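A, B, C and D are the chain letters, set down in written order, and residue numbers restart from 1 in every chain.
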């Protein structure tokens, strides 16, 4: 389908044509990069800026400089992002907003700050203790601080109604993504994940208004289309919340006989389980949404709701047969969570398989064999 | 080779006694249920708060490092890996959880199941996972004190309020769990004790500015860190550090250094390789190279630049310590600045960066740090890799080779400089 | 009497098995083996032809071909392809029916497979990050230490002070061996250390697949280098090596082919009855 | 006349040279043997061969410096130094004006910034996960079933070098196997391997301030494919001495001469009494 090819081109381009184009159309506009995990894009959007979710450089850029700064045992996305910066690829960006993900990504924030003193580089601390009544107020203040920085950078003033409008736009976008995900859970043969994935990932590089239109178009296409239902197992993919798997790997998983019925790919595009309230203080609305309605992942901490229980619930909800842990190499949060996840899945009698990938890998023979074996072990007597 | 590789004064015995007394208390708590115990992280710990309950801290990191120094860390690490932990997970966590599974303790005594698992989250995301897992495996209540990371030069009012609020919530939680009333006066006294201990500790650290330095601010400082984190807020801590200061000051006044001749002065960055602690130290001792400052000795608190707990503002100062005054919660550039100050004010010849695989908080980006020090500041800097807990990542011959080559080169640079000075 | 073949297209060798079923019992009729080279199809053909000659069967008599191994997709005349983990499980189950755990020490990686009493894969765990436990590693170590691979097992038994290899990476482990040599440690002590470390690492994998008191060892180098003994000593389990060990996966593929053939027949028979012809 | 020797005990090969200052400083003997399983014997063999070559008795050699990983096992040596220091010294002697040394060894790769007198100003060595460049090549050759000597020439014939992303010697084997299965030629695969190593080495050298002249040392310097690949990624010619693989030993011998001469003005020997105490 042409739509998906177009989408994927956008994700693969290291020179960010969509960002350059946007900046040509908005001469005073600023583009702000972020890691698409949990970032309040609404703030950036409301400041009249273009939030762009960076997800590494895949296998399209050789690491030539970054490994001198981040040594062994550090994940690929941190290195490819720094490599992009050190080789001038991030030139269209005026800022980079980091948020709490992991220690490596946070240190990258400060390495960028040192090496690019002219760029706005900031770190957003997301609360790790949602049980505290003080946490929401803290997050509101933190959002306010970021917003003030953005206002300074853009030499603008963001009013509440502007923020509300941005929230509404993103609400609509995310609601469509939720609809697509629901459709796929019900009829996975209608919504191949390797297509959905391209569509959602492209949202990192498009103005939200345009992306929403593409989502609507895709929804129509998916509903109309559909292939013969195959004898495949239904799986939930878990662990790819930050570094994103290469597209061929997703195709490979589907080809091996899996319907992906839920996943945590590109979590930053769909990180609330419901709409952000459109009344009252918009910062408060965004903050409470993070505290109470952000989707669960290995880098969001809420000890009131154990993640392993959420995972089992997700498997039940999507009527999946099994869980596939698709973990980025050297992703420590995902490595840690594997232990309690595994315990609880086994307790619940849910089969699982763990695979490791790097966004820059391009040969998958061993992974293919393991996925196929896993499917064979579930399908054959 | 110099016979006396390191200083062995009376404080070393006293240090041992104190730590054994602590383990004794833990053993008693395990047997009788009192005193209440609270698991906590070393980094930016708030041991003062526990004093208000007469509760004893339980530091999983100390257990893990003790195990590694005794060459006993591999078995528990493997036990944890059997459970599904990855080769690339922090080995401190694996060793600690492996011990829990296998019932191993670092002493002959028992370790209690803590009353509360209190995760003082100061930057290290691994702490969150570690304590979450401990709480799951031990079925103990968990509370996370979320400390905002130092993303600005100074903490904001909002950062402080958030932490103070959580400290108050922790107090309520501990009141429920221990059945004891929080003793505010005792807390205040603890904060008072801490401020005195910190003053003494800071003076000790400044003794290393003298030449020769009377102690090694990496290898010896680690020995002194136990009492600092366990006893800081108690009179025993004050007494201990008074004695330590007196002893080291006398040594410094007599111009006695760690080695017969102090040939090199170094700043050390990163945790040590505990499984090869002695071997690693010998590699520096061979060259009579003394650490005059280290970042690792500031994980629990950064006091040599003036910060003290404040009995007039006990909660705020505890919050300030957790947010801004420990190296763990400070950002990478603040760490660069800290090392730069050490190099200048402590008059060091070079920086050793020890990359440890387990700890991404410390190690991710250390290549950039090397770049900054060598290219921007022209400070000789060596980068070596291993691990703080897992013996499988220490390549002795390689590490030694690099260290020898570094000193061969540094010797040359220093000699050239001194000739130039003479001319 | 069904006639079918299983072909295992491995990285160094391609193996073929021709199988039939008599009185409900599968029976191997012939085996063939050839170097894999770069053209998978050609090697598969050659191995199959040899197995057919061995069995005294003509090519056109074959009803079904199942492929497995690295090059399983490269065989143009296959009916189905199955991974070597699935086929190893089936093959080992056929050779040693009581087995529940398989250890495959391959050239590049070591793998443990937990299987059910019917030969179904329950769980598997590969040690791909640490090739220090792989066949290629022992081969290289032997070469470096100037010992013939066949003598490795024998020599290692003469160790007096085994020197463990602690690195979890093959490259660093090789370095470690070199450093041991530099430090003047005796060859047999190093070899024994390699064996023990390898057994320990295998043990960790096997724990993950819930091995009981027996395991089935497959993989060529492991046998040659006398690893079985080290595994028995170190893990305190009985180690069985299937007869015709190299053909386990080819056999497993053929056995799965047999199952598919039977189920296809019963469906077509059922269809035949339904339509009355 | 002063006669000195340097012995470089590497992980795969042991090199020895004898130098004399009779009528200008010169190398009068060289020997290269496989290190094998007995390091001490390898060092002795290399040294004895040199002595025979130069028609000298071992006692004629005034001072012997050992270097390389096995340096502590050289029983007959007078002292030891690391090969980093020796490579810098040797490179400036053989290729005067050297300011950067690149060495690809069996266990470690290194880049060294060298001062005008051959002193080490700064050096970097490979990360753990990128250990053993020499091994990387040897393993690639082994997987493809060709000898190490063929590797360089074949790589030069690559038309469409494949992409090799990994720096890991273990994982590169799987990559190569995949390419073989896809029907790629040995030339293209090796071309890819050489480019990957060259890029990785450049990335290592960038951690220093790379300054010309650049000299490549060590056994891999004999591999023309590697030299060319490296020159291409760096964008600059390198000096390669025909004695490249002896550079460590030559550097050691030069230090031996300085020691004998007492001309060594710097205190670099200070560590020696401790060093000779073994490790």
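Everything that follows uses one rule, which is that a residue touches a chain if its C-beta (ideal position, glycine included) is under 8 Å from a C-beta of that chain, and two chains touch if they have at least 3 such contacts.
The model shown is predicted, which means the values in this text are computed figures rather than measured ones.
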Chain pair showing more contacts of the two, B-D and C-D: B-D
Most widely separated chain from subunit D, with each centre as the mean of CA atoms: A
Computed distance of Cα centres, subunit C from subunit A, in Å: 40
Rounded Å distance, subunit A centre to subunit D centre (Cα mean): 46
Sites on subunit B at which at least two other chains make contact: 84, 357, 367, 371, 383, 385, 393, 395, 397-398
Sites on subunit A at which at least two other chains make contact: 67-68, 71-73, 365-366
Set of subunit D residues in contact with two or more other chains: 69, 107, 127-129, 174, 177, 181, 207
Graph class of chain-chain contacts, one of line, ring, star, complete, other: complete
Interfacial residue positions of subunit C with respect to subunit D in the complex: 11, 38-40, 70-71, 74, 108, 131, 136, 144-146, 169-172, 174-175, 178-179, 181-184, 187
Contact footprint of subunit A on subunit C as seen in their complex: 70, 82-86, 109, 118, 120-122, 124, 126, 128, 256, 259
Interface residues, subunit D side, partner subunit B - complex: 69, 81-85, 107-108, 119-125, 127-128, 207-209, 265-268, 270-271, 273-275, 277, 279
Partner subunit C, residues of subunit D touching it in the complex: 9, 11, 35-40, 69-70, 72-73, 106-107, 128-129, 131-132, 135, 168-170, 173-174, 177, 180-181, 183
Of subunit A, residues touching subunit C in the complex: 365-366, 369-370, 372-373, 376-377, 380-381
